[in-house]
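The two complexes that follow have subunit A in common; it is paired with subunit B in the first and with subunit C in the second.
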Partner chain A sequence: MPAVGDVVERGAPARIGRLRRWTRTLRVAWWLGWQVESNWTDPLRFFTYAVARPLGGALILYFMYRVVAGVGRGAAVGFFVIGAAFWPLVVGGMFGMVLGVIGDREHWRTLRYIYTAPISWRAYLIGRALAQQTSSLAAVPITLVFGIFVLQIPISPGTVRPALLTAALALGIVSAIAMGTLVVSAALSISGEAWRMPEAIGAALYLLCGVIFPVQVLPGALRTASEAFPFTWWLEAVRRALLGPGGVRSFPAIGDGAVLARLALLAAAWSVAAILVFGFAERRARRLGILDRESAF
Partner chain B sequence: MSAGPARAEPVAPRAGDPQAARGFRRALRATLGRSYPRIIGSNRDKSWLFYDTVLPLLGTVSFVYVYKTFGAPERFLAYVIMGGATTAFWMNVMWSMAAQFYWDKQAGNLELYMVAPCGLLPILLGMSLGGLVATTLRAVVIVAAGSLLFGVSYAGGQIPALLLVFAVAMVALYGLGITFASVFLMWGREAWHMANTFMEPVFLLSGFYFPVRALGFWVGLGASLIPLTLALDAMRRLLFPGAHPALLPLAAEVGILAALAVGFAIAAWVSLRKMEMLARREARLSLRF
Partner chain C sequence: MSHAIEIRDLARTYRSKRPPRSGGPATVVALDGVSLDVRPGELFGLLGPNGAGKTTLIKVLVTLLLPSSGSARVAGLDVVADARRVRELITMVSGGETSGYGLLTVREQLWMFAQFYGIPGRRARARIDELLEVVGLGEEGDRRVSALSSGMRQKMNLVRGLVPDPEILFLDEPTVGLDVGAAREIRAYIKRWIGEKPNRTILLTTHYMAEADDLCDRVAIIYKGRIIACDTPAALRRRSARGSRFVLTTDPLDPGARLGDLPGVVGTEMRTADGRSELELQLADDGAISGVVRALSEGDRKIYSLQKLEPSLEDVFVEIVGRRMEEADEPPSG
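Now for the complex of A and B:
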């Protein structure tokens, strides 16, 4: 567990390379975020908290399927379970970063101290996002195991493709951080509704990105919009990596390589956009003096 | 810490008892005063139109598309739209009733409530009244917009019964909200996380997006402790007569809802007194983090 003093050692900053300082800030921010996220209760309650929502979400979809189809098994159930299990990673990445700004600004009132500390604020925010994603990640295997053994979704060693899964997961985490950075950029400009904005964006992405239904069901304009988000391709890649060729697909006509390539391209594009927009929003907030503006929520 | 000064309770005045009448008037004014910012104040900022109607509608539309994927009959789309509207009530109860004192601790309002001469119950009743009126307005918008968007129609022959079910369910629901608020009074950061935990699991158990009977009779009956379970089931039966697989006969559902309303009202009153005392004794009232 790193100590606070690890962030910048006295007399040492000159010797510490920029990258090393950046990763150290990231590590400490991750630790801080993890403490904020988890130390409010004992491990058992935290575990229950972490798995209750994704499991509940998966079961809602399962019962919706069952009341219409009349049976509890089918390829669609695998589609739902994977969406419910992995989507919290996106929400966690986005919320973790936004809470790193809004929570520090409005709740803990520490933003001005963190911002003026000799650390990279970007590294700090990414660390906070990764902490939230870590707690979301804990629920993934539980939800999948529940799906396999209770809901009998067709995941087996024969259907899993580890290389595709690893690549997709890495790109998904990058995409979530990029989206979080964009949301943070917007949060820097508003105060009163900053708490609710990430929820609004999360709900819109939930609809657009094929989390719980194949995007082919969406009307034309929404379907086109959904293809511009990396999460649509990320979920498609994760489903292909876990369910194999028998699973329900959002883009049945597109091959696995093309899905991964589009995900990588979009992750890179959104990351670049996030860096540019965040830089602009940060400079603007400083110029207007609103970086640490509180809304007295 | 001592239990503090005696408080005026919002009891009905006895004939010829001016002190009780004064206490009742004070409680009534406190109730109306606390409901004011929720009914009038919150509508001044028009952003609610987006955050309180479009936002729940987005989630609802996602679930509508799940049913559309299966080619489900129209009434299932209506189930989801009704469930989406009900989500607004549940979120209001969890975030703006149960967890409200947590926010009030952060903002420094809780101390003001504690020293006010009306007691906490009228404050909570005011929050309930304001929350109920404001959320009903939002729920109507969600149902109207969702139904228009997906061309869903309802059987409108039993509106009085529908309103009765809704009214009884809301009394029970906000009674539950006040009970939760008293429990949450003890908590610091846990309040936020616990309110979060009570989302999807409750949507599941109460059958927000499918008939609760699908969970099985006994699980459905157990979930009926959450007033929205039977309220949704009864309202769906009234709006889709003959098609909806109801959990219980209508009279039984209304009877249980009425019993829950009385039970939660009593539980709220008892729990609030007990938890307030406990929170004072353990110095939790100013525990912000």
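Now for the complex of A and C:
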């Protein structure tokens, strides 16, 4: 009877088996995503994409601020350096997920084998997203150190609040994955064009969510929209966690706890929406027979 | 569980790829009421021309595609309601595609899939090495997938399907596009694999008559989404009611030679080349060949070869559909 024993989970209690399978899938997908990521990122390319890009963005903004607004250093610079340092986590989360579907479907042609494996496809896609976010996260300290020592943004042991930072980071990662799940749901229905969605949506959110300027400067309607996205609150929380009370705020009237609460609430709401939409998109794709369809490039 | 696979009135339509405006229909019927049973331990073949619906049927069975109507059970489990549990018991391998994470090594890629099936690391590695050896990829384990030839990739893909030791293995045209040698190796391994343990089941699709004939315990011929015949290859061949056929080569005959008038000769076809005539004879029964041989020797014609043509699955197909299988291929849609 070796055939039965070969798949260990068959005998295990269902719930433990399922949880273990979920985390194992997450881990293996993360590993795969990391291989995909580090393949085209030999150290130089990793540096170019993960470090030089956010850093360059921050520098451009720095000079613009200096020339236009005469703001040289300090609090205002801290605002957008932190925005530029952390924003890649959002784009990375979306991009990792899209790679997990479109890359598997059209480039590696493995989607049908991944999909018919006894795994949670969601865990797999989340693992792929986390892999991208890991590399985005790895670049954050580099940008921040540069900001602290060269641009003299006021981050010091006294201003950093680790608990708030950790909570905010976790919720930001969840939110980015929820957004990625929505993008991927679209990718299941439309064709290869979904490649460009993370960049496009990322760019729109970049302007909307207060990455480089406080959201108060937005016109009324956009400001309301901005407040519906978790990323607005996420960046606000991260800034407060790093810059302390001296930093520039998007929502000066709202306390730290309330900012974190809104972030948590929106992260949860977007996650629920993402799960529902994804479930619908997956069923629809299986029904229409387009799950493993390759778009004609 | 009495059947490994149980298919009842399965139908599947697609939205047409070509829009109806261009004159085509709005939907394509890929499966049109298929019912089939595959027994545990069987190597079951689904034979049909391109576009017959073979891949569609496999996709439904491996939970990639929902049926439009009807039902299918794999290992006793419904492919729609119990998709998750079905996936634990099956794997699928499609030929004719270069699938695989090109940037991983062959071993890494196989290890990754083994993880998805919950096979402990050390056992997975041992089994991967063993299977790579068997399919002749023993030396390639540490090469990148992208560096493999398409034949090697197809073999690697087969190993991916075998590592989890599935109860039911789905092979969608496993040898398509391979050179003769590689195709033969894959066929030999498929035979060996199913023979190793009694309850392994394979559903294989192919549009190669010889492959179905050579490999399969039973064959269903599928055409335009319907099963038009299903039996053992031998029984299918016997069913072909075209009497008996012979080819013989002889000295050149005049086109006027009236062999067709001999008793028991139903039809003749003659080609003359290089100073020989090749004669294909359709006879009412085997015995009628002696009359032909006598007539030739009386006419002082030497006979250089004489061969009885066994009916093939091709004959069965021609009989039912009215044309040869290559002619029944659906033109590739653009």
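Odds and ends about this structure:
Keep this in mind: the second predicted complex is superposed on the first by the 268 of 297 C-alpha atoms of A that agree within 3 Å, B and C clash if a C-alpha of one lies under 4 Å from a C-alpha of the other, contacts with A are read in each partner's own complex, and residues count from 1 in each chain.
Heads up, the rule we're going with is that a residue touches a chain if its C-beta (ideal position, glycine included) is under 8 Å from a C-beta of that chain, and two chains touch if they have at least 3 such contacts.
It should be emphasised that the depicted structure is a prediction, and the values quoted were computed from it without experimental measurement.
After superposition onto subunit A, the modelled positions of subunit B and subunit C are compatible, with room for both. Taking Cα centres throughout, subunit A sits at the apex of an angle toward subunit B and subunit C that amounts to 80 degrees, reported as a multiple of 10.
When the shared chain is aligned, subunit C comes close enough to touch A:Val28, but subunit B does not. Applying the stated contact rule after C-alpha superposition, one finds that A:Leu218 touches subunit B and leaves subunit C untouched.
Look at A:Asp292: by the touch rule set out above, it reaches subunit C but stays clear of subunit B. Once the two complexes are laid over each other on the shared chain, residue contacts for A:Pro118 go to subunit C alone; subunit B is not touched. For the pair subunit B and subunit C, the minimum alpha-carbon spacing after aligning on chain A is 6 Å. Subunit A residues 108 lie at the interface with subunit B in one structure and with subunit C in the other. Residue ranges on subunit A touching subunit B, taken from their complex, read 40-41, 48-49, 52-57, 59-61, 63-69, 76, 80, 107-108, 192-193, 196, 199-200, 203-204, 206-207, 211-214, 217-218, 296-297. For subunit C in complex with subunit A, the touching residues are 12, 14-15, 56, 59, 62-66, 84, 87-88, 90-92, 94, 97-104, 108, 112-113, 115-120, 123, 160, 164-165, 167, 197, 199. By the touch criterion stated above, subunit A contacts subunit C in their complex at residues 3, 6-10, 21, 24-25, 28, 31-32, 35-36, 39, 108-110, 112-119, 283, 286-289, 291-292.
Of all the residues in subunit B, the ones that touch subunit A in their complex are 45, 47, 50-51, 54-55, 58-59, 61-63, 65-72, 76, 103, 106-107, 188-190, 193-194, 196-197, 199-201, 203-204, 208-211, 214-215, 289.
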